[in-house]
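Have a look at the structure that comes next, please.
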Amino acid sequence: MTSSENTGRGPLFTDPDPDVARAFFREKKGALTDKLMSVSDAVARFVHDGDYVASGGFGGNRIATALLHEVVRQERTNLGFAGHTTTHDFQILAAGTRTGKQIFSRLDAAYILGLEARGLSAQARRLMESGEVEVCEWTNYALACRFRAAATGVPFVPVRSMLGTDTFRESAAKEIECPFTGKSLMAVPALYPDVALIHVHESDLFGNCRIRGITVADWDLSRASKHVIVSAERIVSTDEIRSDPNATAIPAFCVDAVCHVPYGSYPGNMAGEYFSDEVHLKAWLDAERDVEAYRAFLDKYLYGVDCFESYLEICGGEERLAELRRLENN
Amino acid sequence: MTSSENTGRGPLFTDPDPDVARAFFREKKGALTDKLMSVSDAVARFVHDGDYVASGGFGGNRIATALLHEVVRQERTNLGFAGHTTTHDFQILAAGTRTGKQIFSRLDAAYILGLEARGLSAQARRLMESGEVEVCEWTNYALACRFRAAATGVPFVPVRSMLGTDTFRESAAKEIECPFTGKSLMAVPALYPDVALIHVHESDLFGNCRIRGITVADWDLSRASKHVIVSAERIVSTDEIRSDPNATAIPAFCVDAVCHVPYGSYPGNMAGEYFSDEVHLKAWLDAERDVEAYRAFLDKYLYGVDCFESYLEICGGEERLAELRRLENN
Amino acid sequence: MYNAMELMICVASRLLEDGATVGVGTGAPCAAAMLAQKTHAPGLLVAFEAGGLAPMLPAMPISVGDSRTTYRALMATSMCDIMEACQRGMMDYAFLGGAQIDAYGNLNSTVIGDYKKPRVRFPGSGGANDFASFCWRTLIITQHDRRRFVEEVDFLTTPGFLTGPGAREAAGLPSGGGPYRVITDLAVMSFDEDTCRMQVESLHPGMTFEQVQENTGFELGQVADVKETVPPTEEELNILRDEVDPDGLIIGRS
Amino acid sequence: MYNAMELMICVASRLLEDGATVGVGTGAPCAAAMLAQKTHAPGLLVAFEAGGLAPMLPAMPISVGDSRTTYRALMATSMCDIMEACQRGMMDYAFLGGAQIDAYGNLNSTVIGDYKKPRVRFPGSGGANDFASFCWRTLIITQHDRRRFVEEVDFLTTPGFLTGPGAREAAGLPSGGGPYRVITDLAVMSFDEDTCRMQVESLHPGMTFEQVQENTGFELGQVADVKETVPPTEEELNILRDEVDPDGLIIGRS
């Protein structure tokens, strides 16, 4: 039992100081400038070795697959990574670089390794059991609240979970006393990622984005992150964005790069667009069990692929994608 | 200067204890039951003398005018009231009952008395300068955050405004030290209103609601309040609600009563529906200057009116309303 | 005839009354909620932690965030919005899947072995700790064996009654919550009001208390009048097999 | 020719550079932002505290929450979303209207007289305290007289530099913010970097420092090279009168 402790002993990977973040955000200008660029340019410009990266969507749903692949291909290393229900996105980064280097070395974990009903990732497990990744434990809600605190511009928010558990003990949260009720609360520190990778349904050139279906934590994540790379199923005009201001989920002043990537969440599920490719996801999980087979799989589907369009092609191309569209919209 | 104090000396009108609220919410059942009722029934059932009441929208925009009029006509007294930019809604309640009793006696104030660019309400000023209303000061954001804390189910949230000012001194906030950064923060206590009066664009019979335009603080307010009375421009089918789950702003399990009130925000502005009736609002402001004229005005437009439809009628009826629709949608 | 999973799902579904609210994960918990909706609890309101509220589930979701969780839903919202409905006390049940569990209903889904050098690493809390902290009653559905039912969990991921009476409140957790029922392939367990320890509430057909105790790594209690679990009805099984899980993803392929 | 309000709005608009973000209230601040957009700062991003973000304002809003503030806007959102963009440091300017003001730019919009028994009650903070706490630079536009420019405000509603250098940070306010310019019908004032006290930056055509001091209830400083305020240009006046405020709601009817 840990209820007598008042500070988790897990590592705090990022600075929760809102004044440090404010100094950064102050210089972030140019809401209404053209940010359209290629996936490779966006990753080259805004994801650096050592950065703390967060992935939007929910593991295998509305994830920015194209951006994640590119991070691997550009061989970023020593990243920090935030995982609230990180599943296929985790699996992609867990692959490591073509030359065998680890992509991330620091991890805020709420749900990792698993692909929910699909089973556990053998590669993710190998990585996490290697001891090579420094881990801090959280819950899904606590991690979402860390983005919320950062988006809000305060150094922490209080929550009522994690209390009394080892999840708290291995976190970097702090138990505080409520000044009004005297009750114990869990203070979760603001998490300002260096860069967020978020896939959306529609964006204009400036980065005003629309999301359909659940927003998970992306409303807060897009606001909390120092840089935001958006990939979008469709690029729409700013006139179109202005025709329905209620539909905007992410305002342009949060966004640094906009990439046009149809099917950009494949093999994940994109609400209202296409269902997940369970065949491909199973193949990925299966391949991970055997190191040799896995290497061949990665060469074929990740390392040896020149761009995301080619990946879609070798995964079955238009025919398969049309099938996934039917599956989603039947 | 008050930066050395650490507790505002203003009164805390409501209990911020989330466990007390939880015990209430636990018994709030029946999300999917038919809640359609008349305005008079809804107010009779869910607004009681002594209750703490909050008004949705933004003073003169998307306010629940019909519900507010009914609170006055049913002569509720000794209410608490939350005012973040409360303008015409404030003016309605400030009128007092037909028999000269005050409607509210406790007020959390962020912006009161004024009608923004239209000027100050003489009646509201008389009331507030009478010393008969106990007041606690806040800012608009702080008050919104008090609803946010309650909606979140925690006893407070930290903000970085109010610090160092007399606004803090006359509030019920507490200065706390951030456990991560050591910085001073303002803890604003959760505000769980007994009842919220919220006007929306569309609701189904169960209270699943859609709002267009700005949501102000109503996302949080609807979740924070023990009871919620919704008035809606249109009643739609639950099938219609289910056809676009992204459009739902308030889920049925928060709502106790649904009233069908077309033009329910008149003379306020309803985004996408009708503009504010500046002529009527000016007449109201002007009438307040002279006590006799004001009494006649209230008899004609508020006390002597049997229902909201009659009010619309004497304010110009369909012709005037059509004009306001044109003004909004030109 | 029926298999153990079918029994578990049917028994679990009966615990969810009409008009209640429940947060579920994928798999058996979701199947139980769907079955309840199609039998005695059409007004059961199902919430998914990633943001789906009250969908008309066209098929079993693969993820608690996939688009099936918002198919003709009442609302597609955020993780915080769902979790905060739970935190402020509006969610009656949390329905969690299998894990290492102790006598107080504490759950481990993080590691086997020492945290710093785990023998096995599992996914971690996900939303389980949040759900079990916030919702009024936690339901747990899991296989019953001594590796899972242990004297002490290797890692306390998700709170049950912690160390016993009053411990949740002392830790700062919302008062009045905690585990409610544990449904396994052998029995249904509840928790003793005074000690907060697990006790057998009903034994599945053919099971004895001794058999259940034998498969449990801690001392089990039992209620005064242990009953036999009412087996699945024909109607329940038909709906479960034909409508809830026609592909046999959870109940197995026939 | 131009009147004082036209001058104030034109001078204010020039302070808002292209690409900046500004939170505005109704009236003169909003007019200044609109004028800036139509002249040198087409990319000025205007936010309204009630939730309107970057509208194509078809006319002067009457309320910071009316539907004009979301007319062809980039986003219609919530008060918290706007205020939190400010709180996390993404809003360059807050643009506030008239109030009682002291030498440190502290504002009173709550009461005249004692708080408990006020001679006059005003609206209170609204979003002013939040805006002035969070935004990097606060601009204030107000009439210039000794009733408004006072040695000590009756009630410190909204923070300027509080008691002087370092006081904002000591109180816990975000570091680096504070009042930037005060624009009146007599002059433009800035704040001395060392003392945080108000000083004349430029005098409106025909004004002397002495005249300004005479209308101020505290001792005013002045910068080394006080300039004459550049009067409104023909172009500014035309746009202001024809496009920004054609009904003369703020600049007066012609």
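Just so it is clear, A, B, C and D label the chains in written order, and each chain counts residues from 1 on its own.
We take it that a residue touches a chain if its C-beta (ideal position, glycine included) is under 8 Å from a C-beta of that chain, and two chains touch if they have at least 3 such contacts.
What you see is a predicted model, and the numbers here were worked out from it, not measured in a lab.
Chains touching both subunit A and subunit B: C, D. For the pairs B-C and A-C, the count of C-beta pairs in contact is higher at A-C. Averaging C-alpha coordinates per chain places the centre of subunit A 40 Å away from that of subunit D.
One inter-chain figure worth recording: subunit B and subunit D are separated by 28 Å, centre to centre, where each centre is the mean of the chain's CA atoms. Residues of subunit C found to touch two or more other chains are 70, 76-77, 80, 87, 134, 174.
Within subunit A, the positions touching two or more other chains are listed as 18-19, 153-154, 159-160, 183, 185, 212-213, 245-246. Interchain contacts give a graph that is no line, ring or star and is not complete, per the touch definition above.
Contact between chains, using the touch rule, shows up for A-B, A-C, A-D, B-C, B-D. By the touch rule above, subunit A contacts subunit C in their complex via residues 1-3, 57-61, 84-85, 87, 109-114, 116-118, 120, 125, 128-129, 131, 137-142, 144-145, 148, 159-167, 170, 175, 183-186, 212-217, 219-220, 269-272, 275-276, 278, 328.
Within the complex, the subunit A residues that touch subunit D are 18-19, 21-26, 28-33, 150-154, 208, 223-224, 238, 241-243, 245-246, 248, 251-254. Those residues of subunit C that touch subunit A in the shared complex are 26-27, 49-52, 60-67, 69-70, 76-80, 83, 87, 106, 110, 115, 117-118, 120-130, 133-134, 155-159, 162-163, 167-168, 170-174, 249.
Listing the residues of subunit C that touch subunit B in their complex gives 19-21, 43, 45, 53-56, 70, 72-77, 80, 84-90, 92, 134, 136, 174-176. Against subunit B, the residues of subunit A that register as touching in their complex are 12, 16-19, 153-160, 174, 176, 178-181, 183, 185, 187, 189, 212-213, 245-246.
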